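Look for chain A in each of the two complexes below; its partner is chain B in the first and chain C in the second.
Then we have the complex of A and B:
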């Protein structure tokens, strides 16, 4: 049922149904984090609660704004379009609350940022996962 | 009207320039840092070891028209006049700029200024936020300085049209709220509970604001003590919040000035009816908010109750329900809101005619109406949305409080309001 509105959107927008990017949520392998629930990842990326299970501060990283992976990640995470995510953040920014995840300028910057901080958490294309990272959440198709 | 002497005009212009000058000053001081921030962002070092600066803004270009000249439609009671039968931009148009200065990942300073049509009929910019924010841990933070007040859920983002679904927050619910910020502090905490998040916030401070009272007179709210807090629980798509806030007014309502302009010549009114005083009296605001937000569906349900210690304003209750469903870039929404006030037991005076005057004054705060709202939001592109909305207000002729300048002969309590707005953020 959940995919029905999404399909409808694709039809409405005339979006070509090319192969979808497949985001997986990863952390630095040294962080000691094994798994995160979808709710925990939502809380971190939407700035509601940025504490990892080991007590450390979670530092979320977004893919570049134009990235298809970013749009796909938020669709799978909360079933929201990027416009809605922007509206959500504009509420929090302009009421002086939490800041959005740091937006990387490129895919390679995401990788660099992930490696440089133990609390870093990001989503990357499954094919880019290597031994420096640990997958903590995968989305059901 | 008398003619202004040229030096008066000059003083006025100078005063206005002075009011804007701090914006320029902040920009001048921060612009070299801005360059540094950009450099820091492109460098490999990910952490904000250096001070970084972000400049953002939000705004709305909106036009509004009502189908009657019987009363003027306002967004909230901070506006001294509103929309009648001609299109006007003053109800919803505004511009805000904000600077966030990050000293470390845990500490930042936030400055925000907003220009909108407000209490004195001008668009003079107001310094709405100016505070320091520090996270002592991921779940405990403190802010001190000039802060937004959250009397009700979503109450501190009322001006950010882009972040809201409907064209403006329902005036039945938010319209009587003239408080936007305090000089004070707040603390907030969040912790996980039963698969959800429980959070709470407490704030206290003093108001620096003014509100229009009528006939061009302001009620100076400055120095009024405000305190409040909320308890919030979020679980999956559900969020529920209980809020309570209290204001203890420092200064008296300008009744005598108002009576003089209304054509009455009397001894000081409060010397005759001291129980009508507002100074040192409190107003209490309680509310419950419930939001269901899942995928394309968003539903909001809120209730509030306002109690005044003084009989000068009637106690009131309000509620609204708003439902929206997103179809691609289009999000139609439908809402219904209701507000009403309870008649007070009024203090009486042995002097002839004074009781009628008291009743007339208190009747200005009477509300008994409901509104049906139908509208749509179109996300044109990133950070830009267009909205169109129609509000059908059905009220008693005695429902005066949420309107401005009602005409006693032509006001029947019913009004249809048409609005168009372009909301943006940058």
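Then we have the complex of A and C:
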């Protein structure tokens, strides 16, 4: 009988995050980037390096704060929950040397931002991928 | 033990002991403390380092996640903040944060320069992993701990440890000192004080300290007591010994001072170190009390006759390291000389102990004894020993020089014994003294005159090589002795026989020289005396022959080689055999039957005649006994030599033998010659009377050849005369012998004596003898001397001879 509440929580969570949330990392197709390694992606998103392999300025874009995809992405990327990621960034913010990725206000803004800048790099729902973008990293399930 | 120096006691004793042990404890404690502190410092440093490391690690742990972020994001500002934060910790001296080859922060605190950081400080370096990938290193942090903090901590720790240790050590030192003082020092001090005032000789002993009966101290006390006991005993023994030694010394001193012998000690150089009064007296030291003056008197400077001898004696005694003795002559102040015997014995240390005593009397006695030994007291001449000594000296001298040579004369006064016996010893002595001076006047000063025995002298004529000189001097000597001697006014005439030997011609050694001159002298005597004879080897040969014969004779007596032969004696009146004369014969194993003339003279000379005579007596008695057994009452006559009278054939012995065989003395006649009787009239007469009284008959043999003195015939108890065979044998009608025999028979008969005519060889002799009235006859006409076993046959033959119409002209001889 104990398993019941646990099971319940899981179900509730699963419902909340959505069963189809599968982020893929994409860049503007014009950027010329074909593939990125997971490390390269981590470096870019977590503010270590902000450059693409071709030397261009990388501009990472986060999904909105509340997005389930965002949580899923970081979970898949560095196996961390969002609060952890936030804690990380909170330490860095004060020095002002680096900053977290720009947080889009919505999924569409992500798309827009992606398209507006050649160095943009973001993660989106696989289903949202269109030819303007190039998937440079897919997460293994 | 009781005389222990107080200062030494203070130095070695109780306070010192306490001080020392305390000092030693403190020293050891300090040493231990230093080691402990050093160890503490070391371990504290180790621990402080470790603690520091742990703290820094903890510190790092707290900021690790932020560091990871800073390094991951390469945020120098964040890193700098972190570094500042770390530096706010007192342990941290410097922080260096490197992220991906870039130094993110490098900060240090205070004044220390970088160079001194590394010294003795263990840096803490830690890799920083990515916050998103724990396997990926994104940077490093290097922390430099502050050494001052560590050393300050070490200092503090050490200080604390030192203080603690010091307390502990102080306590231990105090405790040790207290224990020492209480348990060791005080009892020892008490013992020491007690020892100082203790007199072990009075029997005082140390008491065992309280509660220390079983401890080493108690043991020590009993050891000390035992030692005191031993020391006291040893001291007592020593004292006794010293007392004894003093007594001994006093005794020896008395002996030393009062000794009659001189006693002294000298060193190897002869310097006198000490001497006694007798020594002073002996060597006439001037002042007995002036010892200092003589302190360095040397033995060699004393009044020795020969000072070299004393120094030789000293050096030889030292060299042989054994006692040496020597007789030495010293001169006295009064000019006299004394003999001293000095004995030196080494006593070690190059010293000699000497004893010296006066042996002058001994020496004189010795000299006079030596003189006496070689001197004849009557004449003052050398005696036989002296002569031999002189002979040896001459021979030795000759051996050295090969020159010289001498003649040895042996001079014997002929018939001196008769003078001595007839006139008494003083007369003899006077003659000898006169002879001495006569001899001395005949020789030179280098010659020697000696008296060898009663009547014989020896003379050495020195440096004589030729016989002529000896001959001349011998003649002179004989001439001198022929001079008439006057004894108490009575004239006495003597002469001498001299035997001469020449050295080195005749002999080379003393015994041979003496023997040869004696042989020569004997030869001179045999020649009738008053001659001198040079030694001739023939004399030696004769002597040798005599010696052989003498040996043979002795052997003959031992081996019973003598035998008696018997010549019948016939009674002319009864015409029967009345007896026989026993005649000795020697059946020599190789020479056959030896006639008496060949050995009787030698037997007489050597005295063997006595043994032979006893044998003859025995044999004669046995024969008489045999005849007695055959009922024959023959008589036997036995010849007696002068040497047998009076003791060789004593009357007692005669009686003993005849008694032994049970023979009547009348049947045994003893035949003696006139010479025998006259040789020593007194003794002969005495003997003759004795045997005659016993019943033995006495025949006077060889009558007519000697003195034939009628007065003797009257004086001696003679029973029968035996007319010498030479008269009877040569008797012819009316010749001198015939007249002589007739006269003897007539005279004998007139004296009431029986007459035996010897040497009867013809019947005419018997006729004549019958005419003359002779009683008995003996001779080859009847029988020669024959062995006993033929005697019966001879008697038978004589019987037929006498019965068959006597007298038969040509009687056969047996």
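As a working rule, the second predicted complex is superposed on the first by the 122 of 141 C-alpha atoms of A that agree within 3 Å, B and C clash if a C-alpha of one lies under 4 Å from a C-alpha of the other, contacts with A are read in each partner's own complex, and residues count from 1 in each chain.
We adopt the following convention: a contact is a pair of C-beta atoms (placed from the backbone, for glycine too) under 8 Å apart; a residue touches a chain by one contact, two chains touch by 3 or more.
Just so we're clear, the structure is a prediction, and the values are computed from it rather than from any experiment.
Engineer: Quick one: classify A:128 as touching chain B (first), chain C (second), both or neither.
Structural biologist: neither
Engineer: Just chain B (first), just chain C (second), both, or neither: which does A:116 touch?
Structural biologist: The answer is first: A:116 touches chain B but not chain C.
Engineer: By residue count, which of the two partners contacts chain A more extensively, chain B or chain C?
Structural biologist: Comparing chain B with chain C, the partner touching more chain A residues is B.
Engineer: Could you say whether A:95 touches chain B, chain C, both of them, or neither, answering first, second, both or neither?
Structural biologist: both
Engineer: Of the two partner chains, chain B (first) and chain C (second), which one does A:47 touch, if any: first, second, both, or neither?
Structural biologist: second
Engineer: By the touch definition at the top of the document, which applies to A:57: first (chain B), second (chain C), both, or neither?
Structural biologist: A:57: touches chain B, not chain C.
Engineer: Give me the intersection of chain A's contacts with chain B and its contacts with chain C, in residue numbers.
Structural biologist: 39, 48, 78-80, 88, 91, 94-96
Engineer: Write out the stretch or stretches of chain C touching chain A in their complex.
Structural biologist: That would be residues 66, 69-70, 72-78, 81, 131-133 of chain C.
Engineer: Can you name the residues of chain A that touch chain C in the complex?
Structural biologist: Residue positions touching the partner: 39, 42, 46-48, 77-80, 88, 91-92, 94-98.
Engineer: Chain B touches which residues of chain A in the complex?
Structural biologist: Chain A reaches chain B through residues 2, 5, 8-9, 12-13, 39, 43, 48-51, 57-59, 65, 78-84, 86-88, 90-91, 93-96, 99, 102, 105, 112-113, 116-117, 120.
Engineer: Quick one: in the complex, what on chain B touches chain A?
Structural biologist: Going by the criterion above, the answer is residues 41-42, 44-47, 56, 58, 96, 98, 100, 102, 105, 108, 110, 112, 129, 131, 133, 137-139, 143, 147-148, 154, 156-157, 159-160, 162-164, 190-192, 195, 197, 234, 236, 294-296, 326-329, 379, 382-383, 385, 425.
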